[in-house]
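Following this line, the structures themselves.
Next come two complexes, and both contain chain A; in the first it sits with chain B, in the second with chain C.
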Partner chain A sequence: MTTAILDRLGARGRSVPAKYVPVLVTAGLFVAMFVAGGIRYEGFATGQVILNVFIDNAFLLVVAVGMTFVILTGGIDLSVGSVVALSTMISASLMAGPGWPPYLVVPLVLLIGSALGLVMGYIVHAFDIQPFIVTLAGMFLARGLCYTIGTDSIPIEDPTFTAFAQTRIDLFADLWISPSVVIAVVVVLVAAYVLHYTRLGRTVYATGGSEQSALLMGLPVGRTKVAVYTISGFCSALGGVLLSFYMLSGYGLHAVGMELDAIAAVVIGGTLLTGGSGFLLGTVLGVLVLGLIQTVLSFEGTLSSWWTKIFIGLLLFVFILLQRLFSARRRT
Partner chain B sequence: MKRLLWPLLVLAALLAVNLFFTPSFFSVEMKEGHLYGSLIDILRFGAPLILVSLGMTLVIATGGIDLSVGSVVAISGALACLRISEDGGVFSAVVLALGLCVLLGLWNGFLVAGVGIQPIIATLILMVAGRGLAQLIADGQIITVNSPSYKVIGGGYLLTVPFGILLVLVVLGVTAFLTRRLALGVLIESVGGNAEASRLAGIRSRGIVITVYAFAALCAGVAGLMISSNVSSADGNNAGLWIELDAILAVVIGGTSLAGGRFSLGGTVLGALIIQTLTTTIYSVGVPPETTLLVKALVVAAVCLVQSPKFRDKVFRRAGPRSSPRPAAEEKVRVTA
Partner chain C sequence: MDVPAPVLRMSGIGKQFPGVRALDGVDLRLLPGEVHALMGENGAGKSTLIKVLTGVHPADSGTIELAGRTVSFAGPLEAQQAGISTVYQEVNLCANLSVAENIFIGREPRRRGRIDWKRMRARAAELLRRLELDIDVSAPLSSYSLALQQMVAIARAIDVEARVLILDEPTSSLDAGEVRQLFHVMRRLKEEGIAILFVSHFLDQIYEISDRMTILRNGRLVGEYLTRELSQVALVSKMIGQELAELERLHGEARTFDRPLVEARELGRTGAVEPFSLTIHEGEVVGLAGLLGSGRTEIARLLFGADHATGGEVAVGGAPAALRTPRAAMAHRIAFCSENRKRDGLIPDLTVRENIVLALQATRGWTRPVPRDQQDELVGRYIKALKISPPNPDHLVRNLSGGNQQKVLLARWLILEPRLLILDEPTRGIDVGAKAEIQRLVTELSDGGMAVLFISAELEEVLRLSHRVGVLRDRRLVADLPNDDTLTTDTLMETIASGGRA
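Up next, the complex of A and B:
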C-alpha cells in the first residue's frame, strides 16, 4: 500500500518538493480519518469535533511545539512530561497554600520551566553529554520535585483561575473554543515565525542538518542548542499552565508519558528525528491525528483505552517507514 | 579495571552511608534454611534490573538503545499469568512468554538492522504499542495467579539462596562466557564502533544486531516473569514502568559509552546495584520515599558529569596542569552510507 502511495506521489514529484510530502501524507491521513469517522458515526463530521480535539489537546500542542525545536537540532527532550507536572504542582500549591494571585504564579512557573530547560541545554552543550541522558536526569529531577511538594492531588480554587478556565469563546454558528486554544494557536504562530523567518530558526535547521558544517560556517551552534532546550522548557511550563486550566488541579502524576506523545506527534508530523528537516505545521497535524484517534475510539465506545496506544504505535511504524523510504529514495 | 573505579567508589560510599545509619546492615543470617539480610535483599530486588541492564548493555554496545524493555517486561508477565490462570501449566506458560519476548526482540532487531530505522525510534514503537499489547493480553485487568511453582521464579529459594539471584548469576555467566571467551564480544564492539567498516571487514553486522535485540528482549522477558511471580500477579499498566530508563542509567553509570563500541558487563552489574542500593538507602536513612527520584536525578547528573571528559577538563584544569589532552579515541566518526 505504501509503495503505491509513494509511486503516485513520485509521479507528481515535480510539482511537490519532497520535503513537503510527509506533511501532506499526515494531512491526507487526518482528512481520511475525519471523513471515515463522519461516514461511520452520526454527529461526527461537525466543526465542533475538530475544535474539541484542539480544546482537549491544547497543552500537548504547546509541548510538541517545543519538542519540534529540540528535535530539529537533532536532540531530544525527555523531561517535558515531568516539567508539565511540576508546573501544575507549583501553580496549585502556591495558589492553595500562601494564596498567591495567578498573575504572579503563572510568570513564576514559566520562569522555572525556562530555567530548567536552560540548565539542561547548557549541560548538553558545555559538557558534551548526550541530550537523552541529560534530559532523563531532568525528568527524574522534575518528577522528584513534584513528589517533594506533595504526593496528593491539590485542587485549584482560585476564582480568577477557574473563571479563566471555564470561559467559552463563542465563534460563529454554535462553535466554541477555550482560551487555552487561543494561547496554543498564538504559540504555534510565533514559533512558526521564529523557525522560518528569523536567524535563530535558520540556525536551528542548520545545526540539525550538520552540526559540523554549521560550526564551520561560523553559526552560533552552542547558543542555539542552549536556546532550543530553553524554548522547550518554556513550552512545557506553558503546557503545564494550560493543563492546570484543563484539570483545575496540580498532581505529581499528571502528564505521565506525555514526552512520548509529544515525540510521536512530531514524528507523525514528518519531522526527521536526526534533525534538520520538518515543519511546525506537521507537528500541529501530528497532534490533531493523535487527538482524532482518541475521538474515534470514544465514538466507537466498545474499544478500550489501550487500543489508543496500539494505534499510535502502528501509526508511528507506518510514518517512520515512509520517512525511511523517502530518505532512501533521495539518496539514490 | 580503572573504568570500574568510579562506580565501585560510589557503591562503597552508598553502603558506608547505610552502615552509618543501620549498624547491622552488613549482617547476613540464616533463618529456616534461607539467607536473610539487607545485602541479600538488595541483590534479590535488584535482580530484574540487573537482567534488563545486561541485555541493554549489549544493545548499547552496538551503538543502539532499546526503549521497549519495560513494555516487554509487562507483556511477558501478563502472558505467563494469563496462561497459568487458564490451564495452570507453569512450564508451557514460561516457554510461551519467553518465546513471544524473543519474537518481539527479533522485530526490534529487524526494524533496526533490516529496515535501517534509528534504534531509539524503532524501539519507541514497541514501547508505546507494547504497553497497549500487555493490557490487551490482560484485558485491562490485574491477573492474579496462585501457583507455588510459578512463585519460585521471583520469590523462591534454592540451596538457601533466593532463586532470582541464582538466575542472574547463570545469565551473567553465560553472557560473560559468550562475549568475553568467544569472539562474539569483539564482533559486537566492532559493529558498535563502526557498522560499515565491520561489514566491509566481513562481519555480518545485521545478524549480530538482530541477535543482540532478541537477547535484550529475552532478558527483559525473564525479568518480567520474576517481577510478576514475586507479587503473584501481572499488571499490564505498571509492571516494568520506567525500568528501561533505570537500565540505561545502570549501563551509563557502569561506564559503557552510549555511542557504542565498547561495553563492560561488570560495570553494568555495579550500576544496577548502585541504583537498587540507592533505593534501599533512601528507605533505611528515613528520607521520605517521595524524594527517591530527586536523589536519583542528582546521582545521575553527578555520575554523567564526572564521566564527561570536557567536564573533567574544565574542573580539574584549575586544580593542576594536566598533560594528557582528550584522547582521540573518544571522537567517533559517523559514517553515513
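Up next, the complex of A and C:
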C-alpha cells in the first residue's frame, strides 16, 4: 500500500493527487511531533519510542482498521468499545472459570464479535436504519452483557496466554516489539490489500461515494454493508484479545470510550466521515498521532493526562475543518 | 426503403398505476444502427415506457422482444446483461472513484483474485479512445466535467456488448460544445450497429441526431415517424394533441402600457435559462409560452429571487433592485404562485385560514402575530371573492379540491396586495369551472393595475389572457409578441417549433 502510493507520487512528480493530501498532512504532523519531541526531551528520538506507541496501541489500531471499513461506506460503528470489553470479559472468564485453553477461547471470542457485527450490519441493511442508532443499541447490549458475566475485574492466569502476552520479539539494535504488534501489522496489511485489490474493497469505496449509484451500477451494496459491520465486529473482538494480552484481565470497564478514540484516529487519518474517501495508511498514522500525544505528555511529566483529550479535541477540530475545506474545493 | 429487422420490439405495452393509466397499448421498435427519439410532453409516459423496458416496472400487458426472443427483465441489471443499457440524466456513477474504476467496477479484470489495475486502466483508455476521448483514466471522476462524466457512463454502458443504448435526457445539463461531443459519440455508436433510444426536450437536437421517432401522448401511442418526414410544427401539434385548425382565435385586445414595473435586462442563469430581457408594465398580463422544460419556470424563479441570477440586472419601478431571495422580492411586492402547489406552496394539514395568512404573517415576523379579527376579516373577504368552497375557514386544505386549493394559494398572495403576481401553471389539473374563475380573476386583477406574469402550457389560455406573449424554446426567450389580431395559437406553435418569427 505504502509503496504503491509512493510509486504513484514518484510517477506524477510535481503534483500530488488531491486524494493523498489528508494522509500526507497527518504524516507531516506525526513527523513534526516526533522531531519536536526529540528536540525538547532527551531520549525521545529513538526507534523504541515509536515501537512503544505501536505496543501500547496495537489493540486500538486493530479496532480502528475495522472502523475504517465502516466509515468508508459512510456508516459508523459505536459498538466497538463495548465489544472489546465483552471480548476481554469472555476470554478471562472462560480461562479462569472452566479453564478452557486459549486456542479454543480466542476463536470463540472472534466468532462472537463477528456475529454481533453481522447482526448489526443485517439490521442496518435489511431495515434501512441509521447505523448510528443500531450500533448504539449494540454498544449498550455488549456493555451490559459484560456485567452479566461479572462486575469485577477477572485476572487471566492461563500460563500459555500470559507467556504469549509477555513475549518480547527482539529486532535489531536493542529494539523490540510484542506479538500484538505483529498481529496488528498483519491485520493492517490484509485490510489494505482487501480495500485496494478486491471487489469487496472497491465496493466499499463505491458505496461510500454514492450508495444510489452503486446500486444502479449493479454492485452488491447490501452484502457489502453487512460485510463491513462484520469486519468491524471481528476487528473489535481481535482488539479485545490484544487488550487482554496487554491488561491480562477481563473487565466490564475496559475500553470505555474506545469507539470514540477509533473514530478520532480514522478522521485524523484523513478518512471522510461521509464515506468514500480515505486510506488505511491514514488510519495507521491517526493511531500513531494519538499514541504519540500520550508519549509526549508522559515525557513532559507535569501535565495531567487530561491534556491528551484536549489535544485530541483540538486536532479533531482542525481535521474536520480541513476535510470541509477539502471537499468544498473539490466540489467547485 | 428496406427496413432491417428490429433489434427490439415492444408491442401493446400497458401499465396501470393506482389511479392513472400510464401506458395503454404502446408499440415501440428500435432498428439497429438508428437513433430513435422518444417524444412526448411530461407525463406522456416516456419514462414509464423506459422503466418497463429496463425491468424497473413489470408491464401489465404486452410483450417485449429482443432480437426475436420474448424477454422480461426483473431489473436494470438483468436488462444490462441482455444488452440494454441506460444512461440517465443525472450521472449515476461514483465521483470519488477513478474513471477506469467507474467503467469497470463490478466486473474488474482480475488476476488470481486480485484486481489487475494496470489492465483495467489500459482497457478503460482503449474503450474511451473508441469514443475518441483521450483522458487520464486514473484521475477521479469528480475532476471531469459533467459532459465527460456522461461519456464515461456511456463507456460503461457499451462495454457490456450493448445492443440497445437508452439515453434519458442526456443533454439537459450540457452546453452546446458538449452536446456536439455527445452527438459525435452517438454517431460512432450508430455506425457500430447499436440502436439508440434518445429522449430530449430539445427539438433542435432531436432533428439533428435522430432518424426516427415515436410520439406518445397521455400514455397512448400517437405514431412512429421518420424524422425527416415530420415537420417541427407537426411534431409539436402531435405532442400537444391539438390540431391547429381546431383552435379558434380567442385573444383579447392588445393595449399599450407605459408604466414599466419590472424590467429584466440580460437576466440569466447558467444551465437554467439563457440571458433574456423582459419588461412587465403595470396592469399588463404577460404570458409565457413554450414546451415544458423550455425555461418558463426558470424565468419565474429568477424574477422571484428563488434562484440566483448569474448575470444581468432587474429594475423594479425604475430603480435597480437586487432580487436575491424570495424575501427581497416580496419586499418589492412580487408574489409567486408556484407550479407545484402541493410541494412548494400549501401545507395540507393546516386550515384554509392558516394557509391564507401564512405569507402575511411571514412579512410581519413571528413576534407580531396577525390579530385574529383581522385574520377573520381578510380570510372571509377572499373566500367570498374567490368563491372558495366550502366557504369554511377552518376546513383542512388537504380536503379541498385541486381548484379550491389553487384559490387558497392565490388568496395567500393576494392578501399581500402584490404589484407583480407570477402565476406558474395556475390552472393545471383543475376542473373547467375553477379554471374559468381563475382566468376571470387574472383579468380583474390586471384591470385593477396589477401586473401578472402568466405561465401556462395551454396556448389557448395564454392567448386569451395575455396582452403580450413571450415565447421560450430550449431555455431561450426567442420572441416577445404583442397579442394582436395576427397572433394565433397557430403562429405561437410555429414560433415554438421554429424558434423565432422572421
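The rule we apply is simple: the second predicted complex is superposed on the first by the 318 of 332 C-alpha atoms of A that agree within 3 Å, B and C clash if a C-alpha of one lies under 4 Å from a C-alpha of the other, contacts with A are read in each partner's own complex, and residues count from 1 in each chain.
Here is the rule we go by: contacts are C-beta pairs under 8 Å (C-beta built on N, C-alpha and C of every residue); 3 or more make two chains touch, one makes a residue touch a chain.
Bear in mind that the values here come from a model prediction, so they are computed numbers and not experimental data.
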item	value
Contacts of A:V35 with chain B and chain C, given as first, second, both or neither	neither
Partner chain(s) touched by A:I76 [first = chain B, second = chain C, both, neither]	first
First, second, both or neither for A:L111, with chain B first and chain C second	neither
Touched partner set for A:A206, first chain B, second chain C, both or neither	second
Touching partner for A:L216 - first (chain B), second (chain C), both, neither	second
First, second, both or neither for A:I169, with chain B first and chain C second	neither
Superposed model, chain A: greater residue contact from chain B or chain C	B
Partner chain(s) touched by A:V190 [first = chain B, second = chain C, both, neither]	neither
Which superposed partner A:S304 touches (first chain B, second chain C, both, neither)	first
Residues of chain A at both interfaces, chain B in one complex, chain C in the other	none
Chain A contact footprint on chain C (complex, rising order)	76-77, 80, 88, 92-97, 101, 105-106, 108, 110, 113-115, 139-140, 142-143, 156
Contact set on chain B toward chain A in their complex	65, 115-118, 120-122, 124-133, 135-136, 140, 236, 245, 248-249, 252, 258, 288, 290-298, 300-301, 304-305, 308-311, 314
Contact set on chain A toward chain B in their complex	76, 123, 126-130, 132-134, 136-141, 143-145, 147-148, 151, 260, 263-264, 267, 273-274, 304-310, 312-314, 316-317, 320-321, 324, 328
Touching residues (chain side chain A, partner chain C) in the complex	17-19, 196-199, 202-203, 205-206, 208-210, 212-214, 216-219, 276-277, 330
